[in-house]
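Scrolling down, you'll hit the structures one after another.
What follows is a pair of complexes built around chain A, which joins chain B in one and chain C in the other.
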Partner chain A sequence: MPTHLELELEAIKSKIFEMADLAIEAISKSVESLKKSDTTLAQSVIDGDSLLDQLEITIDDECIRVLVTRQPAATHLRLVLAILKINTDLERIGDLATNIAKETVRLQGQPTLKPLIDIPRMAEIGIEMIKDALRAITEMDPVIAEKVIERDNEIDELNIQIYRELFSYMAENPKSISQALGLIMIAKVLERIGDHATNIAERAIYYVNGVDVRHSDD
Partner chain B sequence: MNKIDVKNLNFYYGTNPAIRNITLSVELNTVLALIGPSGCGKSTFIRCINRMNDIIPNTRTEGDIIIDGDSITHPKYDVTSLRRRVGMVFQKSNPFPKSIFENIAYGLRINGIKNRYEIERIVEQSLKNTALWNEVKDRLNESAMGLSGGQQQRLCIARTIAVQPEIILMDEPASALDPISTQKIEELIQDLKKKYTIVIVTHNMQQAARVSDYTAFFYLGELIELDKTEAIFTNPALEMTENYVTGKFG
Partner chain C sequence: MPTHLELELEAIKSKIFEMADLAIEAISKSVESLKKSDTTLAQSVIDGDSLLDQLEITIDDECIRVLVTRQPAATHLRLVLAILKINTDLERIGDLATNIAKETVRLQGQPTLKPLIDIPRMAEIGIEMIKDALRAITEMDPVIAEKVIERDNEIDELNIQIYRELFSYMAENPKSISQALGLIMIAKVLERIGDHATNIAERAIYYVNGVDVRHSDD
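After this line comes the complex of A and B, so read on.
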């Protein structure tokens, strides 16, 4: 039978999953709004960010309460510490998705320079990484998390590729500079989302194995 | 550098083994905390270190305990000098029914210190080292029985350190005290380890986490795991330790 502490940890875990769902939805909607030049959809992402902010505060509060009142140890302690950090990563992901949505609003319904292929691909990979990093926590499987960390390279490469492509657009047609710079910024934002997903995967490994793998490839 | 080396220690009450083949070392000037459920042999183990178990009839010790290279389990080892080297603080404070001053001075006198000024100096120093001096300096000649539980326990620690032991054994020294007195004892343990090597038994896992450098988990007379305290409470190597520190059994 689970202890009271374990029930409380389950409740915090389900809140972090709820937050992850919101962050994932924000990424997918913001990129969708850019693709379809849909400012209404973009605005809904911007407005929805406050929900993520609220959850961040709630999860922090509940983690602090558990630390103070239950003094967890070993796996329980590592879960609370991991969640405290994942919480910040997810909130940052929400902010980054908002930046993409703001770019859609700035374009005011103008179509994009070219049909977007690599940017939605980056978003897809980022979303899969976040989902897998959290799956590593539910299944307590560090191998899943290790694979997430490896996938960060895919996002990084796409970012470089997009940069090069848009650079040649700008060289050929100076009128494209404003929009191209916006898209370069968005690719950079998605690259950052990949970094946050990597962080979440690293916290998952810490939770399961008790090993800190941050900066281990530096 | 190791202060204490325990090698293949077994201890029996009659034919009943209470300690099973324990081997461990305690580093000089560190605090080792022993944790584990009731009856796992923690207290029996620390009582082996100053041979307090000798006074219990029908018991038997096998294996060896070495302090600074001396085997203290040897039958010819002088137990009185051992207990001077290895002081002990118990769960229940047990001051002598004498004055505060005499509680500390007594041990000094039976250890051959006759000079009154020397005794006064050590009494004051011991009370200062246990953060008790300011609370009792104006009533040194009053009975120690009039002190609060926390003060009595600190007086017992002062009495222990007055004779300058090398090792201090503590068997649940704060379990009968309120949080403020407990905090004072814990602060004291941190200060004392600069001069002494300390082995403490505690049922309070947070206390073990707060005061010790190393933690040993005992179960059914066996040493299950010994590691740096941080490792035991964040990432123990064995599932059994994990289950104990997360409250799944015990």
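After this line comes the complex of A and C, so read on.
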């Protein structure tokens, strides 16, 4: 039979998965709103962010309560500490999706430079990274998490590529500056979402192995 | 006589202040390197970031050790939890200063659009915010922290102003695009440093009052 502590940890885990689902949905909807110039969808991302904010506070509170009342040790303690940090990353991912949605609202009505391919691809990779980082926790498999960390390069390279391409657009056609600048900002936001997914993967490895892999390849 | 726990908390506090000093120095040097087009100084910021990375891991480890071995309660527990989160913010601030330094290296040799005034001003405000947020912890004074949170608007407004100004530069003179884009990115980075300083102030209020003020005005 599971202990009180184990039951409480399961409850916290399911809340952090709920938080991840909301963050992923926010990324996906914000990029969809950009592709379709759909300001109503963009506004729903902006309005929905308060849900993530509330959930962040709830999860922090529950982690603290478990720390105080159950005094977990070893793997259980590492899980609580990992979740405390993952929680911050997911809330930040929600904020970043909101930034994309706000840029969509700002860009609305401006001519599309070209069909968006690389930006949705960056979002896709970011979402896969978040999902896999959390799967590494459920399956307690550090190899999955290591693969997430490696994929951050894919996002970084797409960001550089998008920057170069839009830079040329601006130089050739000053009328495109406003939109190109918006897309450069959005690519940068997605690159940061990749950084946060990497953080989550690092916390997953810490939880499973007890090893802190942050900055190990700096 | 102070208890073991109190002595250990003092040691952790002095490490987090050391971390803050390093982060502040990184911001200050990176903006100085930009002003003077000094790539050697910029490189020293980039190289120095590993110190912050190492200190982050040390502080996290010591917080965890205190949680496990001393099982702190009430104010003491809140201090450890606040420091665990502040630690992440300060490490991120160090990364952001590195981004400014990298942009300085990239921009080197390009003509200056005009003397830099607003960007150094943003850096100054950011540094004052970080210092005051930590002073709120030492003096256990939530009013200082509340003022820090209010000041985030100043940085946000400077960022918007810089964006508008550089946007006009680009539209008028496509040759300025590369440098203007670099400065827009740097202003955005400083705006994010303000966000992290705000986070630190919120954690200070949580530590002193036990009240979570995150997202309370959303």
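Here is the rule we go by: the second predicted complex is superposed on the first by the 215 of 218 C-alpha atoms of A that agree within 3 Å, B and C clash if a C-alpha of one lies under 4 Å from a C-alpha of the other, contacts with A are read in each partner's own complex, and residues count from 1 in each chain.
Throughout what follows, a residue touches a chain if its C-beta (ideal position, glycine included) is under 8 Å from a C-beta of that chain, and two chains touch if they have at least 3 such contacts.
Just so it is clear, the structure is predicted and the values come from calculations on it, not from any experiment.
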**Asked** With the two structures laid over each other on chain A, which partner does A:L67 touch: chain B (first), chain C (second), both, or neither?
**Response** second
**Request:** Kindly classify A:L181 by the partners it touches after superposition: chain B alone (first), chain C alone (second), both, or neither?
**Result:** second
**Request:** Using the superposition described at the top, determine whether chain B or chain C touches more residues of chain A.
**Result:** C
**Prompt:** Which partner does A:I160 contact after superposing on A: first (chain B), second (chain C), both, neither?
**Reply:** neither
**Request:** Look at A:R214 in the shared chain and tell me whether it touches chain B only, chain C only, both, or neither; answer first, second, both or neither.
**Result:** second
**Item:** Touching partner for A:T3 - first (chain B), second (chain C), both, neither
**Value:** first
**Asked** Counting only touches as set out at the top, which of chain B and chain C does A:T75 meet: first, second, both, neither?
**Response** first
**Message:** Once chain A of both complexes is superposed, is A:A11 in touch with chain B (first), chain C (second), both, or neither?
**Reply:** neither
**Request:** Give one of first, second, both or neither to describe whether A:V143 is in contact with chain B, with chain C, with both, or with none.
**Result:** neither
**Message:** Identify the residues of chain A that lie in both the chain B contact region and the chain C contact region.
**Reply:** 71, 73, 77
**Prompt:** Which part of chain A faces chain B closely enough to touch in the complex?
**Reply:** 3, 5, 71-78, 209-211
**Asked** Which chain B residues qualify as touching chain A in the complex?
**Response** 205-206, 209, 233-236, 241-242, 245-248
**Asked** Which part of chain C faces chain A closely enough to touch in the complex?
**Response** 49-50, 53-54, 56-57, 60-61, 64, 67-68, 71, 73, 77, 81, 84-85, 88, 167, 170-171, 174, 177-178, 181, 184-185, 188, 212, 214-215, 218
